[in-house]
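Next, two complexes with chain A in common: one pairs it with chain B, the other with chain C.
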Partner chain A sequence: MKKTIQRRLLTGALVLMTALVTKPAHAVNYQALVDADVKKFQGYFRKEFPDVKFEDYGDGVYALDEDARKQWKEMEEFPPYELDVEAGKALFNKPFANGKSLASCFPNGGAVRGNYPYFDEKRKQVVTLEMAINECRVANGEKPYPGFKGDLAKVSAYMAYISRGQKIDVKVKSAAAYKAYMKGKAFFYGKRGQLNMSCSGCHMEYAGRHLRAEIMSPALGHTTHFPVFRSKWGEIGTLHKRYEGCNDNIGAKPFEEQSEEYRDLEFFQTIMSNGLKFNGPAARK
Partner chain B sequence: MKSSGIIAAAAILMLPSLGVAADQSAAPKAAPAVVSPAAKGKAVANDRNKGNCLACHMMDDGEFPGNFGPPLSQMKERYPDRAVLRKQIWDATVKNPTSIMPPFGKHGIMSESELDQLLDYLYTL
Partner chain C sequence: MKKVLLLLSMVALMPSGAGVLAAPAAAAPGLIEQAEAARKEADALGFEWRDTSKLIKSAKEALDKGQKEESDKLASLALLQSKAAIAQAKSTAKNWKMMIPK
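After this line comes the complex of A and B, so read on.
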C-alpha cells in the first residue's frame, strides 16, 4: 500500500516534471525577454548621460549637445519639412483611379503612426508604416511609391505629423516575432563592411563623441522622428534612407527600402525606444 | 559632451558623413613629381577613402578632428618599434578585439606601400 502510494507519487512527480520541462518551450514569455533588453539598453544611456531627460532622446543628437540644440531650435521655427507635410496630406486624400484613396485604408484619419511597426502574425513579418502605405496603393491597383524619398516620405511625414505624441509601445508576442527582433538586434550589434563597424559602435559606445565634425546621436530615440528633412539631402527621406547612408559610409552593403533586413532593424530599434513618443517629422543637418 | 559653437557651426556648413569634411584638407590626387614618403603618407592619412584618421583622432594641423580615439602625437617616443605601430593600423582588433578603428591593412583599405608611407608620416608627429 505504502509502496503503491510512493510509486503513484513518483509517477505524479515525473508527470509534473515533464510538464515543467516541456511547457516553457511553448510558453516562453518573449515580451519579458525583450523588456529585459529594453531595460538594459535604456539603462546604458541613463548611466552614460545622467543629465539627459528620457523624453529628450526623441530629438536625436540634439539631446546631447546644447549648442547644436540651440541652432536646431531656430531651424524648427520655420520647419523645412512643412511643405512636405502639406504635399503628403494632399497625396493622402487624392483619389486613386478606383475612387478610393490612402485615406480609405487607414483608420483615425491616418493618425496611426503609433501602430507601426508591428509584427504581422499571419504573414510572419514586420509591417512598417511605409510598407502599409505602399500595400494600400497596390491593393487599389496603383503602383507602389518607389525608393527612399519623394511621395512615400511625404505621405509618411503627414501621417507622423498628425500622430505626434503617440506613445511607442511595440510588442513581441510570438516566436516568429522574436526571431525578427533577434535579426534586427544582430544587425544592430554586428560589425560589417570594409570599415568593420557596427551601429552600436557609433551610436552607443561613441554616442556624443565627434566623428570629424559630426556629433554621434544616441541610438535611443533613433526611430521616433522619421521621416527627416536633412539639409545634406536637401529633401525629406525615410528611416531606411538613413540606414542606407550609414551602411554606405562604412563600405557595407546597403539594402532596399522596406527590405526585410531594414524592417527587422526598424522593429528592433523602435522597441529599444519603447516609452518614448513619436514626434516626426524632424529636421536634421 | 559640450562642443564649441565653432565646431557646431562648421558641422552645419560642412555636413559631413564619415569625414566628408576631410575634402578640404585632402592632398591633391596627382602628387607633384618629387614628394617625400612622409608627405605622401599625410595624403594617405587625410584621404577620406583611405586613412581618414582625422575622423577619429586629433592629428597634426588637421581641422575639426574627431575624438573617438586619442590624439596622435609623439609617435616616435611612444612607438619606438615600428612594427608595433604598423600592427595597430593594419588591424586594431588584435590589441582590442572590440575596437571601432577600421582594420586598414587587413581589409585592404590602404595598400601595404601606402601603409608604409603613412608610418613615415606618423613618425614626423
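After this line comes the complex of A and C, so read on.
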C-alpha cells in the first residue's frame, strides 16, 4: 500500500517535471487530459457491462435491460415524438416579424446537432443547441422560448431528428474550456441535496439496478438522444428538464434551463459520450 | 455551528416565556432573517436544498397569523437545512474527486 502510494507520487512528480521541462504552462494539452477521463469513464461501463455494445449506450437504460428494451422497441414503432418533430419543423421555418427565421441562423438546413454543445472561446462559455435556438430568436427581435419543454423542445427535436447519426466529438481546447468542463465534472460527481447523492452514485454505481419502478440508466449515452418524449411527462422535454427532475428527486433546488451549471454539466456529460452518435429525439417511460 | 446550536437551544427553551422577557415578535423575525441569510449563502454556493425557501415562506405566513411557535419551528428547520447545505457544499468541493468510481 505504502509502496504504491510512493510509486504514484514518484510517477506524478515525474510527469509533472516532464510537463514543466518540455512545455511552457500555456501549452497544457487539455484535450489529452479530457481524453484520459473519457477513456476511464467509458472503461468503467465496459467493465461493469461487458456484454453491452458501445453503440447501444445511446439507447439509455434499454441497453441494459432486455425486457424493457422489447417494450421500448414497440413504443418506437409509433414514436410519440413524431408530432413534435413536425411542429418543430414548422417553427424552424416560420418567419419572424423581420422576415427571417430560425432557418436563417443555422447552416446545413439545421442539421447541426453534432456541433453542440461547444465551448465558445470568445464568450468563454458553453453554448448548447437550445441556447443557440433562443439566441437566434432574440437576435431577430423575438422573445426566447420558455425553458424545459414546449416550442424549445420541439425545435430541438426537429434539429436532432434531421441530424441523426452525427458523431459526438466535443473538444476542450483552452484553459477556459477546461474550467467549464471541470465545473461540469464536479457537478456530476459531487453529492448534493437532502439525500446527499451524486449523479454518479445513481448513474454509474447503481446503473442497471432498480429504484422503485425504474431501472437506472448508465451515464454513458445520457445526452445522445434528447429531447425526450417521456410518458410520465406526457410531452417532450429538454435535457435540462431531466436534470431538473433528477435534482428535485434528491431534494436539491434545481437550476434554470440553460443555466451555466446545467450547460457545464451537459458539456461534461456529452464529452463522456464522445464517440457515440446523436440519435434524438427519443421515447422514454 | 456552535452559535447556531446555542441559538436553537435558546429558542427551544423560551417559546412560551419569551413574551414576558421581550417583545414577542422580536425573536421570530430574527430567526427567519437568519434562515433567509443562510439560504442565500447556500444558494450562492449552488447547494440550496429543494424545500428551504418553502419552509421560510411558511414560517413567514405562520408569523403573520400569529402562530409564533409554529413559525419558529419552521424557520429553525430552514436554518438547519441551510447550514447543512453550506457544509455539504464545502465538503463536496473538497472531496468530489474521491467520489469518482474506479
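Annotations for the structure displayed:
Simple rule for what comes next: the second predicted complex is superposed on the first by the 261 of 285 C-alpha atoms of A that agree within 3 Å, B and C clash if a C-alpha of one lies under 4 Å from a C-alpha of the other, contacts with A are read in each partner's own complex, and residues count from 1 in each chain.
To be clear about the criterion, a residue touches a chain if its C-beta (ideal position, glycine included) is under 8 Å from a C-beta of that chain, and two chains touch if they have at least 3 such contacts.
Computed from a predicted model, the values in this text were never measured in an experiment.
With chain A as the common reference for superposition, the partners chain B and chain C occupy compatible, non-clashing space.
When the two structures are aligned on the shared chain, A:Gln194 is found in touch with chain B and with chain C.
Taking chain B and chain C in turn and counting the residues of chain A each one touches, the greater count comes from B.
In the superposition on chain A, A:Asn29 makes contact with neither chain B nor chain C. Contacts of A:Lys285 after superposition on the shared chain: chain B is touched, whereas chain C is not. Touch criterion not met for A:Ser104: it reaches neither chain B nor chain C. When the two complexes are overlaid on their common chain A, residue A:Cys202 makes contact with chain B while staying clear of chain C. Judged by the touch definition given at the top, the superposed model places A:Tyr44 against chain C, while chain B stays out of reach. The minimum CA-CA separation between chain B and chain C in the overlaid arrangement is 7 Å, rounded to the whole angstrom.
Residues 194, 196, 198, 201, 205 of chain A contact both chain B in one complex and chain C in the other.
Against chain A, in their complex, chain B makes its touches with residues 1-5, 7-12, 14-22, 54-56, 64-68, 93, 100, 102-103, 107-109.
Across the complex, chain A is touched by residues 43, 46-53, 81, 88, 92-93, 96-97, 99-102 of chain C.
Touching chain C in their complex are the following residues of chain A: 44, 186, 189-194, 196, 198, 200-201, 204-205, 247-248, 251-255, 261. The touching residues of chain A, counted against chain B in their complex, run 49, 64-68, 71, 194-198, 201-202, 205-206, 208-215, 231-232, 245, 249-250, 285.
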